[in-house]
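Got a structure for you, questions after.
We just call them A, B, C and D in the order they show up, numbering each chain from 1.
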Amino acid sequence: MLTERPGVFSGHPKEECGVFGVFGHPEAATLTHYALLTLQHRGQESAGIAVAGEREILHHKGMGLVGEVFGERVLKELSGRAAIGHVRYSTTGSSLAVNAQPLVFRHRLGALALGHNGNLVNAHLLRNRLEAEGSIFQTSLDTEVLAHLVARSKEPTLEKALTEALQQIQGGYAFVLLTERSLLGLRDPYGIRPLALGRLKGAYLLASESCAFDSLGGRFIREIEPGEMVVIDGAGIRSFQALPVAGRALCLFEFIYFARPDSLLNGLSVHSVRKELGRILAQEAPAAADLVIGVPDSSLSAAAGYAEELDLPYEIGLVKNRYVGRTFIQPNEKLRNLAVRLKLNALRKVVEGQRVVLVDDSIVRGTTSRHIIRLLRQAGAKKIHLRISSAPYRFPCYYGIDTSVISELIASQKSVEDIRAEVGADSLAYPSLEGMLRAAGGRERGYCLSCFTGTYHVPVPDGAGKLVLEEK
Amino acid sequence: MLTERPGVFSGHPKEECGVFGVFGHPEAATLTHYALLTLQHRGQESAGIAVAGEREILHHKGMGLVGEVFGERVLKELSGRAAIGHVRYSTTGSSLAVNAQPLVFRHRLGALALGHNGNLVNAHLLRNRLEAEGSIFQTSLDTEVLAHLVARSKEPTLEKALTEALQQIQGGYAFVLLTERSLLGLRDPYGIRPLALGRLKGAYLLASESCAFDSLGGRFIREIEPGEMVVIDGAGIRSFQALPVAGRALCLFEFIYFARPDSLLNGLSVHSVRKELGRILAQEAPAAADLVIGVPDSSLSAAAGYAEELDLPYEIGLVKNRYVGRTFIQPNEKLRNLAVRLKLNALRKVVEGQRVVLVDDSIVRGTTSRHIIRLLRQAGAKKIHLRISSAPYRFPCYYGIDTSVISELIASQKSVEDIRAEVGADSLAYPSLEGMLRAAGGRERGYCLSCFTGTYHVPVPDGAGKLVLEEK
Amino acid sequence: MLTERPGVFSGHPKEECGVFGVFGHPEAATLTHYALLTLQHRGQESAGIAVAGEREILHHKGMGLVGEVFGERVLKELSGRAAIGHVRYSTTGSSLAVNAQPLVFRHRLGALALGHNGNLVNAHLLRNRLEAEGSIFQTSLDTEVLAHLVARSKEPTLEKALTEALQQIQGGYAFVLLTERSLLGLRDPYGIRPLALGRLKGAYLLASESCAFDSLGGRFIREIEPGEMVVIDGAGIRSFQALPVAGRALCLFEFIYFARPDSLLNGLSVHSVRKELGRILAQEAPAAADLVIGVPDSSLSAAAGYAEELDLPYEIGLVKNRYVGRTFIQPNEKLRNLAVRLKLNALRKVVEGQRVVLVDDSIVRGTTSRHIIRLLRQAGAKKIHLRISSAPYRFPCYYGIDTSVISELIASQKSVEDIRAEVGADSLAYPSLEGMLRAAGGRERGYCLSCFTGTYHVPVPDGAGKLVLEEK
Amino acid sequence: MLTERPGVFSGHPKEECGVFGVFGHPEAATLTHYALLTLQHRGQESAGIAVAGEREILHHKGMGLVGEVFGERVLKELSGRAAIGHVRYSTTGSSLAVNAQPLVFRHRLGALALGHNGNLVNAHLLRNRLEAEGSIFQTSLDTEVLAHLVARSKEPTLEKALTEALQQIQGGYAFVLLTERSLLGLRDPYGIRPLALGRLKGAYLLASESCAFDSLGGRFIREIEPGEMVVIDGAGIRSFQALPVAGRALCLFEFIYFARPDSLLNGLSVHSVRKELGRILAQEAPAAADLVIGVPDSSLSAAAGYAEELDLPYEIGLVKNRYVGRTFIQPNEKLRNLAVRLKLNALRKVVEGQRVVLVDDSIVRGTTSRHIIRLLRQAGAKKIHLRISSAPYRFPCYYGIDTSVISELIASQKSVEDIRAEVGADSLAYPSLEGMLRAAGGRERGYCLSCFTGTYHVPVPDGAGKLVLEEK
């Protein structure tokens, strides 16, 4: 929670993408730009917009935040009534990176722009096959694999070609696609990655999260179903079951950390689920404490729930600096320990002499927790009970979250007691799987728990792990 | 609270400056850079650092955020063991603005750099006199007036020349000054603007707020006293009473809005005072409601206090977008109403069908409150009881806060009932002056209440109002 | 000659590219960067470098001049012992343009980077076929067609796959190619576009012009032959006749305008050929004049030759502003006529009252000539005899020069006398084709004269003209 | 001649400034911007424009080329009918430099903007006195001294105050000044630095060089006389002899190197004088050679004159790269010898086996000459006779040219024969002082020869040399 921005430090899993689409609005690119600002928390490394112009698909993309990549002049050039947009979290720090989306290309059926959130677990296999058949790859995006499959299909329409292509890919994904005359949205057959449908007056909207609709003054209609494809064009909206539903397995981490608290997922408010996670955690692992604090911003809802459940004071114990971002100059060796202090500060008057419950949403490597606990100790906290609002993160995700290799996941290497000792807490507790599911409306709503259980809905071919790490 | 960044919109009074100084550290400029990041909430329009180099005072300043103005290359050039820094809130949107600080100049006693937080109410009179005597002015900073007074003094030392100059200026101010061999700090005889002293190992620190010490791993020593001048050089630290103490009148708005919650002022935690303001407001103006929400980020502490006092649920009802900043492209006429929505969103699941207490820290013009209340209504709130954690803001500040002219201050034009109607709340209440003072430790600690009462400690000459508006 | 930079104005045909390659030097990217600076006159719109790194091909490219696209940090990341580079002249002014080179991609035989100077006349046909077969196109570069053909070949080695691909493409081209382990250079079977081989100590170099070798302290070895492919790797250099020689037809405009005067082409010094063009023009079309001036910079050599032949004084009559570049703010309507004056000024003291021979290298649309003649008249020139050092430019080039459509070529629409009248000269003359060839060492050396004669070596399919205009 | 841009290398003395002014044109700032582009050769380190707006003087200035400092948005803000502009050559490479002009300030008589070309030899003395009297200095510009003197004068009008101030300063200077209602121009009593008056329709123009008038389509009227002050306002133009004429001593280096060849100075064409310098040099120091070449661009006129006089072929023997500018990345140690090669290349086909006369305009340190001669030798030149078109540069200039300290001027340390040996020429010759004066229209026209003779018109106080080096 120290930061979601690369180049600084982070104790979180990283989401790679947010997608958005609009059809039927004279200011399509400008709306997309605003929607990407709203989805910026899902990816800060690159941003891109493609628009269906008069005669062709125009696009612009670049490294950096939405506000850095798009200026008024560029937006003005991106004139058209339909557009898609994308923000992305890159794992590479290189200034040479070229993997921004949307991916825009021409093929036998015309021009196509593609924005993708998720990960295709068999991308490397398909890529090898496609290369053997003579395809060239200009990016390391797994999205490019889908482009080739669509182009190589013999089907006469884009919908059919896409369906044929989708039958070959496996993984968790939500796609937005733009042609010269239509906007399409798709979700994988488990619905692992989210995608919602909205309206703004006469226009249709698609977005990874419903908060993007709110920010435009639009309205949430419904979530795209697992395996569903929607096609929006001049004639209105049509829906297909492109792939048979394989189950429902929404990524639970969307609730735990990724999504904005004001978004709706699986029909539930993200904030409410977080608060409920806190409550259930309090029931399962109460602590004898004087007050409860959360790590800003993502753990505040859970901390409030924890406090409410035990009728403990909910306090602001940590302050986050909003101005330490990507352009932050790293302290040199001598000043290295400043990095955490610049980002977070403890409120001495709040925690001094107190028994504190510290709520955080997850522990990936453990280093961030150790830093925060040290800050609180230096500020005089007497006891620190660390409560994590999700179960131990033990297995890598292959469906679109970029975590570390398994050897870096502290929970897959150590016991809870060992983790507690390593981060320096007086006690440490996680919720049960059942507790988490209950907070998220019950198992029957359908969630992906692979990173907690190691059981994967979509089989993961050998080598997929490597792709996950290098090519997100 | 919508934003502290210019170019977007804001319902807040604006603070113009944060200052920092360090003496006796080999990485003086780098520490100053980090401290300015921590003080960035006090001013986002320009930033500057001056450093006492081997043979001269070097400086760099520019328009923009600290992270935009300073890169590694510039910091490397700013080599020296003592430095001062400044962040500033400008009232001009012009790209031609040249009023960044520190002001660096040479005079008969050598080189001097000056960083200033506050406002000199007789600056225009002194300036007229100085111009008549042959001085030239290269900026519109009132700081430049002090520079001339120091230069024209016949006193043999800087301390004495400064003291003589200070006797001529009136207003609220905190100054940090850097010579080739020393660092000085000063506070006006009422202590209207804050300034604190800290240490980092062998080095001395000065800062507008103590949170800057924490972020460097340093420690807070004490606040500079009203009228006190501290001089730090190779021989250590000395303190003078440069001007007789005129009273104690710390700006109460530092507690209400400006300061970071983790800072200490008048010996009190800003967060704790805010929470207490909420409690007292709850005692004075309870509301029959289902839950309490605050406007992020500055009103969250007061909202928590309000909720605690009445044993109501404290909820997160509004989400703020952290990525809508200065580079934000303003929506055109057609999309204008998006500006608020992009910055803030209401949590429908939290407020729908509920009787909501909305806590905000202040109302300046009233437009922002109206927007937020509309957002909450659209999200389904049944009742909205607006509670402001400070008394009605009715008179302009002449001591360093940039507000509107009196005709734009809604509380100086309208009754509480009329304001309620205009912003669309079901009820509206402010705390009493006594209540506010009690929350801030009692009247005896000494506070400036001019903006609430219209009674000014330092007499304000005619024409000062204009200066306030144009030259901050 | 007014300028080679877009955004200003130009009376010249535009060359689209310069290419460079190096193999076997520890500072491959840095050398390439310097070589591109030397080749910058061949293209100012975009620049790119690809380098064969330890484990993959890294690249960086962007819009703008070499010095704008590459900084020290990027060059440092481009670490490796082999590299290729490219500068490009774009016909689009859009800030959305994405067609910078080298094109870097992976295919079944590994990674490949491609830099291309020239134009493939059947690219649109091949592209249609490839799209029908399922290829996707991410740029509008004809270079991408070659990439697909190589990838789709079943040949077991890159050399063979390339040879097979080349058999399908038609046009004028010079390619540099980089794999993880080798550097390749290729020239079309007529040798229309230039490519030379050089050495720098142990390293091999390839460049569009030999001046790039000089700038690195390297040495010119020889020109790549028509249809020749050279392969440079750890084992040294090998040469193949990839395609049978179809003739020798070096673009004569390389001598007339594109190449730097210090380059060698077809074994001849560009400067010497230009001077000879001036001499022959003087023999064929002498003028009764007091002095000779050239349009800077490209026509100075020819002007000197013209003057020498007739024993007339060679004078500097026009001064060019070196600082009016791409970032030049266009004068508004009211100030529009300033554009030429800012770029060029006449030397009144030189031309006043004189009969002037004005030598320019070509006339494309005629507007620039008209402007210059007006400048000279205003500066007092009594007579202006315009002498063009190349024959009338009457037909579009399909082999890599971006000219206008035929309807905009003044010489294809009007007689010499009509052109004279339109540009306002007192007389106008061009050299004969035979004269031009004599200046360039004789017809037997082999030159492409298509733009003068309309006879094309490589047949141009329908539709190629459009490609030339849109996709260079 | 290698380059006039800092950060690369240069064998030239450096001029510090170009100034421009316009009164009575609705696009005053835009015209000034274009005029500065035309004067850019006089200074590339900073640029600035001040404009007399509706209610105040607005200004913008920054480090870099005119095209980098000014964009359309800034020019649009600089709205007004009168403006001055300035380009400056800085001797510091620091990114912290703050000495851009115009200097804009307010004083008792209103607002004033000042642009200055030249150097005040007693600035340090005046500055000490002013500081002792209580003035503060915010820049290290000697221009600031004049501002203080004007402000401290008791005279009732600006003209009189300026005249009083001028009586105290000594040196070579041309000033343009802008008030809210008028434009003024001034030249020192010897006329050391140039300043000309022009017209553009109803508007008046002032410029360091007449080429700026040409570039705007305006016309040259006359040069401002030594000691003359012109005042242009709504009532027209008035002229005063502000200071008695002390003689005529125009800087001869304006002809030799600084001015553009298309400018007029002392009634003479710069190009014509350069050519005449070449002729006279040929008479005084002929060489047995096959051809004559000049170092581009500044020595081409002299080379042409030399060739004509001896009836030798004038050739293009060196090609200059126009794209190696300030952003040029310096080669590292290993590649250091590339710096000259990237900037200049020799034409082997021209010089190989030939006896070459190489004409350059001056030798400051000798390193550049040595590099060029080495280039020519490597290109096969058999003999190299170096001819310099000005007399040996032996003494520092105190009137506005930034040269080295005397110990770095090779001609003040070594004999002609020793210099010849050091630069590696086969022979070396300079013109006589008498010859130079003859070329510039005769001694009676009045020239400053201090840098050749060490005799200074304006006495140079102790310490002035230091100022010259540090504060230009």
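Some notes on this structure:
Quick note on the criterion: contacts are C-beta pairs under 8 Å (C-beta built on N, C-alpha and C of every residue); 3 or more make two chains touch, one makes a residue touch a chain.
Worth saying up front: this structure is predicted, and the values here are computed from it rather than measured.
For chain D, the chain whose average C-alpha position is most distant is A. Per-chain Cα centroids separate chain A from chain B by 36 Å. One simple way to say how far apart two chains are is to compare their mean CA positions; for chain B and chain D this gives 47 Å. Per-chain Cα centroids separate chain A from chain D by 59 Å.
By the definition of touch given earlier, these chain pairs are in contact: A-B, A-C, B-D, C-D.
Listing the residues of chain A that touch chain B in their complex gives 27, 30-31, 33-34, 37-38, 40-41, 65-68, 70-72, 75, 211, 214-217, 260-262, 264, 268-269, 271-272, 297, 300-301, 304, 308, 313-316, 319, 321-325, 327-329, 331-332, 334-335, 337-338, 341-342, 345-350. Within the complex, the chain C residues that touch chain A are 58-60, 73-74, 77-78, 94-96, 98, 103-108, 131-132, 134-138, 147-148, 151-153.
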